[in-house]
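Order as written gives the chain letters A, B and C; numbering starts at 1 within each chain.
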Amino acid sequence: MVNRKRNYTLYFMLFSVLMLLALSAVNYLGMEYRQRIDLTGDRRFTLSEGTRSLLEKLPDNITLTYYVSSEPPEKRVNLERDVREKLEELTKAGNGKLSYTVERVEQKNIATKLEELSKYGVEVSEDFQTTDVAEKSAAIGVNRYLSSVLVRYGPGEPKAINGIVNVVDAKTDEARPHRVETLEFDIMYTVMKLKSDQRKPSFKQMLRNMSRPLNVLYFRSEQMPRSNPQVGANVALALDRLREWGGEKVKISTDTIAWGERVGVGGRPLPYVNTPEPTVDPKEAPEPPATPPGMPPLPDDRDGDGTSGATPGTAPGEGKDPRKQPGGITPPGGEAAPKPDTPVKPEAKVGPNFYYTVVGLVTDDGRQDLLYEFGDDRNVDAVLKRLEDRVWELVKPRSSLGIIAPEAGGRSPYSALVNYIYQLGYTGRQINLRQDKRIPPDLAALIVFEPHTLAERELYEIDRFLAQGGNVVMLYQGYAATMSIARFDSGSIILTPIASQPHFVDWCKRLGISFESDLLIQKGGYDLAVVRSAGREGQQLPVSLPLAANVGPDDLDQGSIFARGISGMPLPFPVELKLDDEKLGAQGLTRQDVITLAGQVFKFIPDNRDMPSIPRLGLSLDGGPEVQLNPDAAPDVTTRLQRLGRPALIASVLSGTFKSAWQGEGKLVPRWDAAAAAPDTSDLGGQPVPELKAKPGRLMVMSCAGTFNSEYFSSWRQEDVNAILRGGVQFYQNIADAGIYGDELVSLRAKTGAAPRIRADYSRGERITWYVLVLGGTPALLLVFGFMRGALRAKAREEYRLKLEKMEAA
Amino acid sequence: MIAILRRELGAFFGSLVGFGIIGAFVVIMGLLSLLLDPMGGGGDWFRRGELTMRTFFGIFPWVAAVVLPAVSMKLWAEDRRQATFELLMTLPLPTWKVALGKYFAAVAFFGVMLLATFAWPLMLIKFGSPDWGPVAGGYIACFLLGAAFLAVGAFVSGLTDNQALAFFLSMLICLGIVGMGELRPLVGDLVRNEPLAAITHALSLPVVLLAVLASAVGRDRALGGGAVMIGAVINGGVYAISTLDWSESTMLDVHAKADMVVAAFAQASVLDHFKEIERGIVNTNGLVFFASLIVLFVVLNVMSLESRRYG
Amino acid sequence: MIEARGITKYYGTFKALDDVSFHVNKGEVLGFLGPNGAGKSTTMKVLTTFISASEGTATVDGFDVHAEPERVRSHLGYLPETPPLYGDMTVEEYLQFCGRARGLSGRELTARLKVVVEDTNLLPKLKSPIVELSKGYRQRTGIAQALIHDPPVLILDEPTSGLDPHQIIEIRKLIERLSVNKAIIFSTHILQEAAAVSSRMVIINGGRKIADGTADQLATLATGTTRLKLLVLGNFAGLPQALKAVAGIVEVHSKDTAEGYSRFSLEVKGGAKAARDACVDVGRLVVKCGLNVAELAQDPMTLEDVFLRLLQSGPRDSQRPDNRRVDFLQEPAPRDANATEMGLPSEMVQAAMAARAKSEQNLPPVKSKSDLKPAEEEGGRA
């Protein structure tokens, strides 16, 4: 007889195994032939149209290499897959123009790999392991891993995008600059940069075509090491070659440092080479002297970015010999003259075991670089090769931003921006129109702070720049504030309204732009510290008030390049911007709102409009639609806060062909006012307006300019200021990029992945209503439904009973 | 099959228990996601300010792991306690149809549970313009995860005639499934430090699991017990050996394979798939994974029921 | 219609059924008789494919229960021991569900529902939730469920248990009515039940079939004697001895004496004719002894007697009366009340008690064997 039970058990086992195999296979297929649908509204995980069209237009091929650790942190176990997916999608969209490879790097090889790749800017990523318990994460420590895409486009040097993460933890990962979601943008942006990067010409060509002179400062010891006695001479020969190629544009100076001496520049020691063997007495190996022309001093505030070469050690003791400061050296003029104070030690065939070969590169627009230790470069060509790259970095054409900012006493409150822009690798050019008279036409963008204070002629120039296809950013500022207060505890911040020139108001009105007069205060904004003097010591104590709006993700048009990465940017003392869509439409201008304060925004309505002041106390933003400040303390004061009840527009980009306001019959070029410098020939004041070539341009108007006003953040710690200003810097970079890369970049969407925000104005009642609805709505419905159902059943039963009774009776 | 489905649905909605479960689910989800938000570090939804249902979907796996076993516990255990089990098993239907009918009824009921949270999306509309993609993705993910939990619950319910036991057992399994993601760092550590042990575990644990399942299904204690013993001995032994000193070269050999263990573990991580779909990416491997889970447990359920005929 | 061939079923190591074979034809009602735990339900579960047999097989309406279980199931209606009811449904909903699950729908379902409800007299409770129904209605709902798809084979596990006599009669009538074109198996541990309805009976005990045949066949099978009852006016101490001497009488029991009457029970070897002859002799003897005959008649053997005797004597088959199984006889039936689950006495006591309970109603009186009395008390206390 068959044993049915055993048969079944066997059947079960077999079936289970087969099923598991089948399911594994299906899962494998699902992984292997992965398909996906992106449901997000902005197709956050899918390529944008801008990328596709850009890929189509690119003339050269893009090669991407993804370097990824074979063991990323556990939580990022899908990192490679996610990035691959994005790259794969890009490859498909690229139609053969884009290819990628993934290179897995084992954890122990990361250091080696980095060494190889660091010249392209590849950096290691760091990640804290996520285990919610803080101690745990501390115990496990930091994960160092590699997740960088190296973008190659055209013949130039590749560029790296570092620290790409996949969003695992919404809270922390979304704050990362490079995520899988942003990768598309990051890559295309990098490609654009590479595309616009000029190809490096030959060294000769480079030097010949330099737009400005290059100063080369050569510091060398008299004596060179025995092992490489020619090193100093090699550098000198290489510098001779430079002069030969560059002609007038290259100015070389040599400073020979006496045997055994250590020198510094501006109080800082110069790096020298510490050799294991003694250096040679100069008399044994005489070298041909260099003939340096006059040279400018090497500024002492150079930043350390040129010191990537080997630095075997630093000189002990700083600036020992002030006489050796290059600024103090008078060039001997084509003659090799040892320093009169060179200590020639008769017994010294053997000297101290260090020597100098340092080359300083200084351009006359203030950029500089420093190279040292040429001991490894054994011939002239090697030295030249090293110089070439560094010189190119300095002299290659850079995009520049023009900045027009009001100055008071030779200082602009916005001067910090120039430095920041510099750090980004752009040139910021301060333009004083009254002196310069014209706007350079090659500007990537013109940033105008407080345009409403400009003279009519200045506005005319800006208007023409815009009409001819320029990118202009106008940053209006309604109020200036004095952040130090005289009054004590009950003190207020005194606001000064900044008056608008009538021609500016007209100019704006014509375009359809206007600015409200009320100061806006956003709940949850940055605290601006009011610095007050306390006591006799004059100690500064900050008193904080939320007076700078804090631009959050919900305030930004996430799809706009202008809004990319600027969340967190502070907006001190903003007002509301108004745009007239009808007028804009009539002029054929399109509008893209970039910043709209969607959080809880209040209008500040001061007691005295001419001399508004914000009381330090009583600025509570928790009240209803209208809050009277200080009703108890000062009932007679009518200062109050009024809930705006709608999002407040702060910044918008208008694009299209702007028609100049001064174009047309009988329009004359406005004159510089009397206070301006004497008119020169280029001043057309009072003459008919010349023709212009109209081109589509872009105008960003923004109703707040104070982001970089350092005074507002003076009491903050530098790290905090840097952190919050990063958004602001990014803002200007975006503007510059939009100017440089044009519509192609603007058409790219910068996907941020940030969640939409809850509408700002909801009342307490609304909130509670929804608590009740969400929690109790369904149970209530169920109760009703249950009762109805019960009642219906009972009714049906009763009817049936009656029917039966009738039947029985019948 | 339809008849079974209709009857089970009728049973869910015919009793107060069904309404109670829906109500409890909605209230618990509402409380946790709107007011308390334990996963997001606490705080209410309005203060957080995001116009999303992230808090809802974030807490869902845990709530579902507790609530859904209450839905599935009675699927078979109740019939098993009554003679209706005999009725069902002597209907002229193959067992899988009966099992599917019951399972689909539970899934449909769960669908109603999800629908009952309709106030949430309404609230999103009320307070701004939400991104519906992740909301839809989230609901899809919830549905898939819930359906998988129900499959587990149905299977467990078929093993016992004790509803309370079925509830606790399935709850434990579901919580285990959700919590498995938390094990990932441990697995990673193990793979890194004792790759050989990790590989052995990876190979032997499924065998043990299969044997345990087989014994549960076939109600053969000796088989399950034996398999667990053997598995424990193998795993323990290998673990002990692997903690001994290994030369560098041996470590390297196994290392590459150990990576696959982590990868497989990742594919098998329910929460990962859940989160990916919840983010708005509906993808094949996630769908296939949930479908496999469901198929696996429904088939196990059918086989365990069928095996009762051979008891 | 139904044919069981050597069904054996093990629960683990316990042998619940041992080589049970029987058959039921169309139009036949088979009473499945045996004490509780004898294997009646197990047999039925095998027939309904609810469980599989360890060995042997059965066919229902021509389909093998192991090979084609679904076709088997579609051809039979099954009422398990406890009616398989969903308390949360109304009778109507429940029957609709059962109908749909068995493939009925639409007008057909409505029609069948009407027929079944009328057959089982469920009309008054059609809209009531099952949870509110009395035992009788539940049982009837259970039967209705088994009938809804009009199966050619009906398997009813104790259809009358827990019902009042009136209901029992109704169900008997129903079974009789249905039996015309169906093959029906119903199990019971009540003999009258089986005798009243079934055309044939199968008695199983301890997993083995011990008898198979009509009621008369079984009675003769069980014993070789006929019983006479005798009531005599007057008292004579020598009468029992005198009666014993009568030709054919093998046993005399003096029962009780009251108001001058004496009662005797006489066992006569042989069938009815021998009994008639003995009657003449006994009448003559009594008169000869100077006593008056108040009553002298054949005392027909009750089924209880037959049943108990069969249980004690081991399996017999009406078709093969000589096929006695010696091994079974060697297995003494435990008599104490603390016997195992399979122990006979308490089971038999319960059966007898149940039977007697019925007899107190309008059923034929049932006599218990005096030698069972102690055990009966035990059962009563339990």
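We take it that a contact is a pair of C-beta atoms (placed from the backbone, for glycine too) under 8 Å apart; a residue touches a chain by one contact, two chains touch by 3 or more.
Quick caveat: nothing in here was measured; it's all calculated off a predicted structure.
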Of A-B and B-C, whichever chain pair has more C-beta contact pairs: A-B
Chain centroid nearest the full-protein CA centroid: B
Rounded Å distance between chain A and chain C, as computed from the means of their C-alpha atoms: 95
Centre-to-centre distance between chain B and chain A (centres being mean Cα positions), rounded to whole Å: 45
Chain B and chain C: spacing of chain centres that average the CA atoms, whole Å: 51
Residues within chain B bordering two or more other chains: 310-311
For chain A, residues contacting two or more additional chains: 4-5
Interface hub residues of chain C, defined as touching at least two other chains: 52
Residues on chain B engaged by chain A in the complex (per definition of touch): 13, 16, 19, 22-23, 26-27, 30-31, 34-35, 40-41, 46, 49-52, 54, 116-120, 122-123, 126-134, 136-137, 184-185, 187-188, 192, 206, 210, 213-214, 217-218, 220, 223, 259, 262-263, 266-267, 272, 279-285, 287-289, 291-292, 295-296, 299-300, 303, 306-307, 310-311
Residues of chain A defined as touching chain C within the complex: 1, 3-5, 796-797, 800-801, 804
Complex contact set, residues of chain B against chain C: 2-4, 6-7, 10-11, 14-15, 82-87, 89-94, 308-311
Chain B contact footprint on chain A (complex, rising order): 4-5, 8-9, 12-13, 15-17, 19-20, 23, 26-27, 29-31, 33-42, 44-45, 70-71, 74-75, 77-78, 129, 131, 140, 167, 170-171, 554, 755-759, 762, 766-767, 770-771, 773-779, 781-783, 785-786, 789
Touching residues on chain C, where the partner in the complex is chain A: 52-56, 66, 90, 123-124, 126-128
